[in-house]
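See below for the structure under consideration.
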């Protein structure tokens, strides 16, 4: 294994991929950020979950599944390595059972990446962690970010049980704190039953562009991608991917699954179609290994994180800023 | 919780949805039918199963999964509550291991709903239960019902092992007893291997309209829905949904799964497209929790039952009788 | 089913035990406490868990498994019903993700039982819930309670991550608040690795009698029961049973399992040997259905709760106050 | 593989044990009974089950697990082959969902073995199948049989739901029909809650010797074996083994599990201690693969069936008729 | 059951399909090849697997699932029996842990079928077994075969760990040995990350026609089938189906799953569209029961093998040699 | 985390134990052996398995379960850290599918530890890996080692399928190569069916002391420990622990399980009673995560490895060489 940057995984044709301690893609576990393009970091926190809980084990499961990944992406025609130097940073600090304190710790730790110019890829954890991650991302720039949000839920409730933060509230807080600009943000995949008709209108009222699941099913991937490209091109984007965007058949291991979702193939196509956009951070959240008996949820999550990294490789190789 | 009609679930924003005893959608468990629009009732009987068995635990699993459901349906733009007053009635009486006697008990109990003007939503149980349920539904009206039947099997065999009733025979009996009118009935989703070529012709010979799985895959949902609407509009319909209509990837927990089926998203679209029709009862059968390790079958079944109830809400709010 | 006290389950020889909505032993779901001897109540809270999480689904799983239980206890030669009138109260209020507030809500709700003279049997939830339950139990009496505590951990750490409450701290708080009298309390089953040697001494230093797992394995059940009887006879006892007292082979579904534990048969013998003691409340905690693939943990928990209720039946029938 | 009797398994050191079609111990699948000492036969019927159902798949699971077994039994110091010639007969005919007719078919088929002088080893199925099997066994002899019955339940209820046969009634019927002599029969392992105090007394009243689970736990295996030997020596014995005799930790895959049972090691010791007795048939019932996620129930059942066959090998090699 | 050719399954309307010893479709287990059209044979070898391992249990699982299949194929309008005489031959000999020796044994055994004019349907096993199977198939003819290869991987690496054979190398060896003609062969479904850009080009460089997963998703089944028909019509074809062609949601039980794959319905359509081609052998490989908790992978594999046999029935009934 | 020796885990009271990349006990992943007392190293090789396969994932599972372990051992009254400096070395090199070559690579890598004076704790892998590990251990000393072997099988077959090495042969080879001295070695726990009577005698004939499972059940732990202590005291011991020594209820996740084994509590007592002996290496083999649905096998294995390390801590603190 390399002993300094550029960092990359060991050769899978030399040593079996199931061998060794499981970091993401078997990347070196390093916490020094010099010479690093991207860092995978776990955020094993799930105290914000309102139904099934256990996403604290999400990072472990995604790392375990990721060792199957190989370094060249055929569809994007890009070699992740050595184009990029990447590490597995380990996990950010959290305190199970204590959301406000954990959010502080997460934000403080996450800022390190942004200050070092390293693009972080965060593995949740429940969706509440996107709030401190956005706070960190916003702390180093003057303008609000664009949010590209794949999810079956909008996660913009004002609060639960009288105003408290949960995994259903992060983007409401992010709006209130001007971390994101809703007019330059888009939510894709919303579906399922809601509490009342105001819930449906809420995303629109707050200013988000919204593509519901039904709309995506009917319009198709290419048409929606065009909308996304037009909206986000040239903007600093934060991509947040809640695995419950995917249908429960493809991603049973999640906390609040909604039926009628999307296949893995659709997810791949959606993410591949984002080339040309500028991403400052990614998160993959709500993977719940305890409800994933065949491991297909973690496997898909790992493969979609791989798409994130391929986008970064293209971004670095080709430049972007369209 | 309300102490009298109109009955509705408790507020999910106040108390966690996983709390309390699990009735369908956390509806009040009530057996008094005054002021009730619809009643969910379990029919935990599986002695009619000819392969895997265990659907007697289907009602429990569907109830458990249903607590995730919220009261407003965005795609149909209808609030289930307070539009409707609904209850969980509990289960109908059955005697495990004894089909003829259980069918008698089920029919007698089911009649109560029809006589009280309450629309029942039955949770099976194997498909044999549709026969006594149809007997009950037919007992209160002068004309045969229209059957809208989603299934990978026609369930019209004349008998098994020399004439005995099973979950493969209910609609043959229903025809023989004139409970349903085949010319105003339709079977959708038939597929898989059969015993001989007569099996293929049988549905047609008996007078049913049939849309095979392959046909639905090729024609698409909208085209088939138009056919259904034209056939059934203005008729009293009984909707019977065998979960093995769905592909095993989306619904592994069933007794006689057939590959090459449909996604959850297609199921949702099919059911949503039934607005305007008049339903007198629904059943959701063949959910087998023992083969549903991630719970996605029960989750989908609960969500499709939710579609049934949304149709009722539209029916009540808008009237129908096209 | 009975429509007023005395409350009891329906006859299992008449209707199949898997039928109907699943309350504990299919007891009536009632929240009115007149004429009630004991009430089973869920406390679906797991925000105090420091490793695996998901005990919020413990009450559901224990209720589901409990429907197998029949009303007569042969070894204790006592009929639970009609000796006792018992109900399933449903669940106490909690706010997932917020421990201090949930503890307040739990304590307030639990007090109701004690003020009404009803003996509660609580189904956790993680072990942090024992603290508010003890607060409620202590609030109605002048003297500290005796604690009878089966567990592989002492749960007397002063705090985690700088002083915060978790499922490892309830009895430390209970001591500090004088809710229990350590000299009249006993912890049984402690085992497994600890942080340092002070942890081992801590229970003794705080004044508890302790029987480690190794000691129980070597001394045997009868000898330890004699010690318990001598210590606790005539005292108001709170029995707290953490399912991780049991070996992981018999109870895999728990949050922080420790190997080298006890069989189900030993648990039954231990609980049966408590007849003659005076219990004011019971709790059964740390049942985690997501790690219980065959359901044996919930089944054992339900059977041990049944032992609790049999003790109450003996207490009522025979009097106690030795 | 041999092409005529004596029949025996192929050599496991030559071809991998997991290879080929799975008969019991990879014995030849043969239905011709000449030159056969014992025949393993499945009875895949579970319509008598009153709670969990699915034992119809028990024979398949036991066969699958049995391929691990090798031909020499060290503790009994006996080579099963070539001492014995044994076959896998396949399954007896049954009609799922129809108990009376299936019982007729089972009895008729089972008689074949007894008339041919072949000792059958039956793999259930639920415990209701012991009734037709006993009818067949009794049909070829003048005197009632002795029953040696390992179970957590007595299975002597007079009926369920008004007199119908289930898996809880076979030995009541067997008594009424004088198939077994209760004074020369013994039930071992009874435990768990019952309906009322008469249930406890019932076995005794009917004339059975009974060793409850608690008694076996306290007296130990050797002491109970001495009682069994004294009672049954010189008698024609039918051994019926309900896998729920075993603790759920060792045998989770069963229909009505009872906690507080026995380990696999105790089962092995009990069966080994039966040498010298004369067995005319064996059954192993209530193995439910759908609740056996790690396959340990079927594995134990296969190993206990192996103990049955070892007893036959000793019986043939040494003679018995003490 | 028939006692001589033509061989066919027993009547599923007479005896329950779950009964008896599990051969493929409950076909007679026969090793004599006279009067046999096709033979199903297991190849339980998985020593070539480079990640998850356990496909040695694939044949057992596919056989177990296959008993659900009935003899008439409605979409192809063909009765498999009596059109064909078919057997379950059992398994070919292998030595676990020793690839070169096992490949010799497999090839030698497989030749028997080709010399007898029986079309074999092989159930793997990992994909390395296709090499000895192709050697056997090629040994009886003068020209290289056409390969029709469904897979997410090309399996044409030159070697692993310095030149050794694995499940990633069979078709490279087959090319080098001129067992197949790449210009008359096609690989369908390739996807997922690879080691470097040469991997992408390799199939093309070796002469194969390739349809990537993405291309199949975009072009659709009918268009690709036309290409296949044009390429392969009139050629002797070997069809090799790696179950990881399918998406992990539909086939989780496999050794090196790749996300973004195909549904079961697409697989059925692809195979049905091959009528008119001439197949000399089929294999279905990489089914891994240990990662298939709901059994849907084995079920799909069994159904796709059924499509193979239906193609044979059409081939025999209609002739082909277009 | 420490950046140089002495190496120890991070503080579990500061950061949640489920956080970070999973090394054994969260020890630093280090391959430099200066200042190291013990090194945990995976040997993810399972090509020697003759039945179920998949122990290549054993090291990952044991590491994952081990993060629950805390640094102080109460029963042995020893702090593992800072008494010892320990690391997780990662995995030794292997080539899946190729036993002879892998054995060479394993032996070469393992020698490093012995030459550096570091006590290795190996995590298998199937039992074939003990052979190269013993070769490495023997290579640095003049005399054969004493083997302390816990297992249900003797693993001393001369070969399988005509002389080839498997997981059933390592100790036969070790004897032939004089790596171990059988007269100073002992095998504990043997049980289960064997191929013929010579198998039973074989261990004795080769010179091993043997304690069968039945003997250990009857004599008890203390008596057997005395025998072990007398035999091995003062000798250089290699401890090999096959997890199938344990009963399948406690360790379902293994390749060739044998019923009638031992509880986890017995294992703990056996290992604790080895204090005073001198161990030069340990291995824990045959953990198969794919058959361990609740993770209890890996958990027990991790806890028993912890006992190994505690023995080392005592050895270092107290000296030994009795």
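Things to note:
The first chain written gets the first letter, and so on, giving A, B, C, D, E and F; residue counts start at 1 in each chain.
The rule we apply is simple: contacts are C-beta pairs under 8 Å (C-beta built on N, C-alpha and C of every residue); 3 or more make two chains touch, one makes a residue touch a chain.
Please read these numbers as outputs of a predicted model, since none were measured by experiment.
Where touching is counted per the definition, the chains common to subunit A and subunit E are B, F. Within the list B-E, E-F or A-C, A-E finds its counterpart interface, over half of the contact pairs alike by residue number, in B-E.
Between subunit C and subunit E, the centres computed from C-alpha atoms are 55 Å apart.
With each centre defined as the average position of its C-alpha atoms, the distance from subunit A to subunit B rounds to 38 Å. The distance from the centre of subunit D to the centre of subunit E, each centre being the mean of the chain's C-alpha atoms, comes to 40 Å.
Among all residues of subunit A, those that touch two or more other chains are 16, 18, 50, 56-57, 95-96, 161, 247, 249, 263, 291, 293. If you check the complex, the residues on subunit B that touch subunit D are 46-50, 52-54, 56-57, 95-99, 160-161, 164, 166, 290-291.
For subunit F in complex with subunit C, the residues that touch the partner chain are 12-14, 16-18, 68-75, 77, 79, 247, 249-250, 263-265, 267-269, 293-296, 299-300, 303-304, 306.
Every residue of subunit C that touches subunit B in the complex is listed here, in rising order: 15-16, 18-23, 29, 42, 44, 56-57, 60, 63-64, 88, 90-91, 93-96, 293. Listing the residues of subunit B that touch subunit E in their complex gives 50-51, 160-161, 191-197, 199-200, 212-214, 217, 247-249, 252-253, 256-263, 291-294.
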